[in-house]
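These notes open a run of structures that come right after.
One chain, subunit A, links the two complexes that follow: it is found with subunit B in the first and with subunit C in the second.
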Partner chain A sequence: MPASTAVQPRTPPATGAPPRPAARVLRIGTWVSVPVKPRSVVVGVLIGAGLFVTALLTLTLGDLGVPITRLLIPFGAELGAQEEFVLSRLRGPRLAVTLTAGAGLGIAGALFQTVTRNPLGSPDVIGLAAGASAGAAAFGLMWTGIIPLPAGALVGAVVAMVLVYAGTGQGFSSPARMIIVGIGVNAMALAFVQWIITRTTREQATVIAAYLNGSTASRSWDDARLMGLAMLVLLPCTLALSRRLQIADMGDELADALGAGAVRTKVAAVVVAICSATAAVTVVGPVAFVALMAPQIGRRLTRAPGPNIAVAALTGALILAVADLAVQQGPFGVQLPVGILTAGVGGVYLGYLLMKEWKRISV
Partner chain B sequence: MTTSISSATPSPASTEAHGDRGRAARLALGLLLAAAALAVACLASLAIGNKALSLSEVWLALTQPGESYAHVVVDSRIPRTVLGAVAGTSLAVAGVIIQGITRNPLGDPGLLGVNAGASAAIVTGIAFLGVGSASVWAAIPGAFLAVVVVYVLGSGRRGVTPLRLVLAGAVITAVLTAYVQAVALTHPDAFDNYRFWVVGALAGRGFDVVGEVIPFVVAGLGLAILLVPGMNVLALGDDTARALGASTALIRVGGAASATLLSAAATAACGPIAFVGLAVPHMVRPFTGPDHRWLLPYCAMLGPVLLLAADIIGRIVVRPGELMVGIVTAFLGAPILMLSVRRMKGRA
Partner chain C sequence: MTTAAGLSARDVTLAYDARTVIEELSFDVPDAEFTVIVGPNACGKSTLLKALARTLKPVSGEVLLDGRAIGEYRSKAVARRLAMLPQSPIAPEAISVRDLVGRGRYPHQTLLRQWTSADGDAVEHALEATGVAELTDRHVAELSGGQRQRAWIAMVLAQQTEYLLLDEPTTFLDIAHQYEVLDLCSRLHAAGRTVVAVLHDLNQAARYATHLVCMKDGAILAQGRPDEIMTSELIHAAFGMDCRIITDPESGSPMVIPRHTRELARR
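Moving on to the complex of A and B:
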């Protein structure tokens, strides 16, 4: 996974900058099919390289790490029982889940932020993640056995979005209202989760601990497959939308005139974003602020307009992978859920953005 | 008068200058009714619960000494009732003050992260500094820092806007909640007693807690009363207020200090409780108008009514269990937040 993301953007058409625009369209697999600036490609390659290094470190560091020499020799070489176990049970699935979920969150954030035209319109802020944890808590601890935990998270996320949609009185058309109503929905969902926790024993509560703070610990290949499948379905959708979104970004009327169908495009983008975020949240729980940070950082790095979906996805994966590496190997005593780390770091970054860079935007 | 504080509202002083004595009498009567409602809420809080008592039983238990079962039950409910009254007053008045000094209809110590700041400081004290209990002294610096940070983050180039403030509050709350969670996870034993406090609960806290927070509440309320004229002037807008000779900076600092004291005290006593400070002023304002001379006492009376009512609801809905009051207020308050957003029209 990391190797392929690192390789994909490195393709002939984009390295030079031929004069004809048609030559600068990058089409590789399902990742990118947008006009690409050289800078974006360089950034993408660098982030991909960062991902590769982070993935290697994740697999090799620590007591149970697999030595790098054994990891890099071609497949088919024998691995010890312990190394086999670490790779196939512990860190392998965890890494795969981390990378795909991070990418999913990055895509969701990029789509949301483009549609709402607001850097703060992200699934975290409008209560989607909290709704998912409420759903997971309800179906995991209270009404157990009706539907599996991930389905419960999905139900919670959808209910939260319906509440936000109904609560604003204007649907998703007013970002400002969406954010404030989302904060309200967020508060209700968290209160609900807290209530469920207090009425269960501590042992039971640990069952859904991942869904409360967001955690990538002890994930299985099933989780990785679920998330990977979601990405496989959603990436082509995102790809199909990304051109139209870029046009829709120019304003509704112009977009309509250009045949992009502004409203239809936006609704489709919101639906894809919600699916993507919900898939990620279902697998790793409400990991805070990744969806918000990834497109912002990506955009600052590439300095390109538009959704920058590929870079956002790569950045999201990198953020989550680095955070996960930090909680695995960092000096925290116990293994913290990765969501706590991203909430702390992301919150500080968000505060910095609010103070330094968003003085002028009209929130 | 459904409008929130805004420069468009006519000065309350001028309406009274026109000799509207009937209105003042009506408001005074209303205040009496609010006090009566508070008394009823306190009695109901003593009577309703897992073991329900009739009001006459409560009255007997309160007025005559004895060792009956009713006495025991009432005695066990007195601390949480008093605590609810004190915390409700603190939160509602803190809400009025924050809404006043920021001229922002979405002011609430919970929403703006002040309570989260207080609880983060308390958690730090318990885990790292060996503070034995949830002390107000530990809470105050945290709450004050949160007020300052939210205000700095919330003020954009075009001044402080409601959305920015709420957003800054949400950011602060998210970061600090993550911190509290992390500390609680790494020090499980120190926080076993605080599982309920973290959510916001009136139950399980004794009179010693009330005794500890009362001085801070009194100080905060006193400061709030001193600020009433200032906040009325501030409601006219910064420029007008300055032209009238008010020191806007002084009023804001005083208001921040008062709100800090009140919400730190409330948080230390019963954990971070959101939305009381938002909801009560919004419910009261249509009746009193924007004049803080009426707004403040009304909120002081009705804040406890709301909090005690939420506590009573929490005792009833999931019998024989109990819902923590912080959970009930979230469910009562979030819809009010949505309604007030709709009322803001394009101003957000």
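Moving on to the complex of A and C:
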């Protein structure tokens, strides 16, 4: 035996303060027990309150706004014809689409950023949104009538992601390569869109232009139902994945050792992120930077490690809802697509992020 | 020869893409020992450890756990019996020591039962056993190298496994922290765990191992108790270096003293 016998077991240090509870645990009966971070819950509730206020403002402000006193009367109460129209045709479905699409983009961003381990990893940067635009443009303007526009967007997004997957040579396992290849795919897709637009008539191009910027204007309950259904399926998938993602966040080898299957987890997360972003992009077009900003802002608010899926979804919904309220009531003119506003604000934010990354690397 | 119980590699060939590192190697992890694997760079010692931890799949041959191929078990079931700390794990951004250690409980948890009192007890125990109990609320990023490594070991300890595999746990640490981590490993072994570690320092290996394995070019040159196998011939065969073996005055274990090369001796 070596001299390790000389080693005395260390006694635990005596600290005056009582130990803090390991984690608050939410229990339902004996078969559900989930740890909860109080700060994250508070943040979630506050963002939820923000969403409620934004939704109220969206429905009540402006010439067509429904007075708040009438709005809060239970449904079926005497609404005028105009109010009925505003709620059920104009602003109601638009609000529902905005909230669900914002949440979808937030989820996609949170998943992409966790998997790529990079704050810049988002469907915008790696070419998914541009791919969806290219698909929508191709099937909406060039090969019309084969499949509907949203299906075209789906095809475009999937093709873009396949190109990124193949282009890295290592699938989705190398974050740096994914972003570099993604920027290339993004540029290719945008060039493709421009090429198609040059081949089409001005009227057609104008119609698709609003879609390509990302717009929530004149959306129907069908759009809202599609996006809502997507969220209904994807949100539970994402929440189920988020635990394994936390483990995968510690490196592939450790994730495999802990039984979380690094590659399987990453692929599942990327697939869910692509579905979520594609659903959103299909309904509102490639609204820029929401997916990039939402998880970042959520993380700064909660200060919790991990993907923080729920907070990212709420934040995404809030960002898009506020932006949409701004384009509806702000001094931008009537037709400004919401994507132009988020691109303007998000561009500044992207610059800030790049500067931060740059400083971090060069220190 | 083959026992039904325990962890072993049977004729494994291990490769990274096209580069074969180990060919048809068999190795039984001795139960309840502190095994240390040494060898020159690129001899395949970390590769063998990865195969035993089933994070690297053999090209041929198999790794057996209790006589069954390790791949036949559910991955989480294996993770309840065998923990592995890789050479460079990644600490998630803004994670506290307690949360990091808590993640070691993953294989014991299910989607609905994500945290039970057993998890809390295991984390507390791991925090105290590794001496990081006073650091629980600190962020991992702000710890010193030695503290951080102890926090990582606490994480694999919280897994509550009988096997503990450590890939170069002392790399990047200063000498005091290296011995601190090795003392910790030794205590964990004394408490009944089977520990397998890859180390670079031969004297540390000889001092702490109860079973020493010396590898070269993907094969095992010798294995056994350090004082039985550690000879100048073995060191020369493995590392191509001339040395004397003396007795460590502190621990009584063999100690490698490299010979002066001729040019230096002449000065």
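In the analysis below, the second predicted complex is superposed on the first by the 322 of 363 C-alpha atoms of A that agree within 3 Å, B and C clash if a C-alpha of one lies under 4 Å from a C-alpha of the other, contacts with A are read in each partner's own complex, and residues count from 1 in each chain.
Please note the rule applied: contacts are C-beta pairs under 8 Å (C-beta built on N, C-alpha and C of every residue); 3 or more make two chains touch, one makes a residue touch a chain.
Model, not experiment: these values are computed from the prediction.
When both complexes are overlaid on chain A, the residue A:Ala187 reaches subunit B alone and has no touch with subunit C. By the touch criterion stated above, A:Gly351 is placed in contact with subunit B alone, subunit C being left untouched. In the superposition on chain A, contact is made by A:Ala257 with subunit C only, not with subunit B. When the two structures are aligned on the shared chain, A:Trp195 is found in touch with subunit B, with no touch to subunit C. When the two complexes are overlaid on their common chain A, residue A:Gln246 makes contact with subunit C while staying clear of subunit B.
Applying the stated contact rule after C-alpha superposition, one finds that A:Asn213 touches subunit B and leaves subunit C untouched. Of the two partner chains placed around the shared chain by superposition, neither subunit B nor subunit C is touched by A:Pro331. Legend: residue contacts after superposition of the two complexes on their common chain; A:Gly145 is shown touching neither subunit B nor subunit C.
Of the two partner chains placed around the shared chain by superposition, subunit B is the only one that A:Ala288 touches, whereas subunit C remains out of contact.
On the subunit B side of its complex with subunit A, the touching residues are 106, 111, 149, 152-154, 156-158, 161, 163-164, 166-168, 170-172, 174-175, 177-179, 181-182, 185-186, 195-196, 198-199, 274-275, 318, 321, 323-324, 326-327, 330-331, 333-335, 337-338, 341-342, 348. Within the complex, the subunit A residues that touch subunit C are 1-4, 6-7, 9-10, 12-13, 15, 19-20, 22-23, 25, 31-35, 117, 240, 243, 246-247, 249-254, 256-261, 299, 303-306. Chain contact summary for the complex, subunit C toward subunit A: residues 34, 50, 53-55, 74-79, 82-86, 88-95, 98-99, 102-104, 106-107, 109, 111-116, 119-120, 123-124, 128, 131, 133-134, 136-137, 159, 183, 186-187, 189-190, 206-210, 226, 248, 250-253. Those residues of subunit A lying in contact with subunit B across their complex are 120, 124-125, 167-169, 174, 176-177, 179-181, 183-188, 190-192, 194-195, 198-199, 213, 288-289, 332-334, 336-337, 339-341, 343-344, 347-348, 350-351, 354-355, 358-363.
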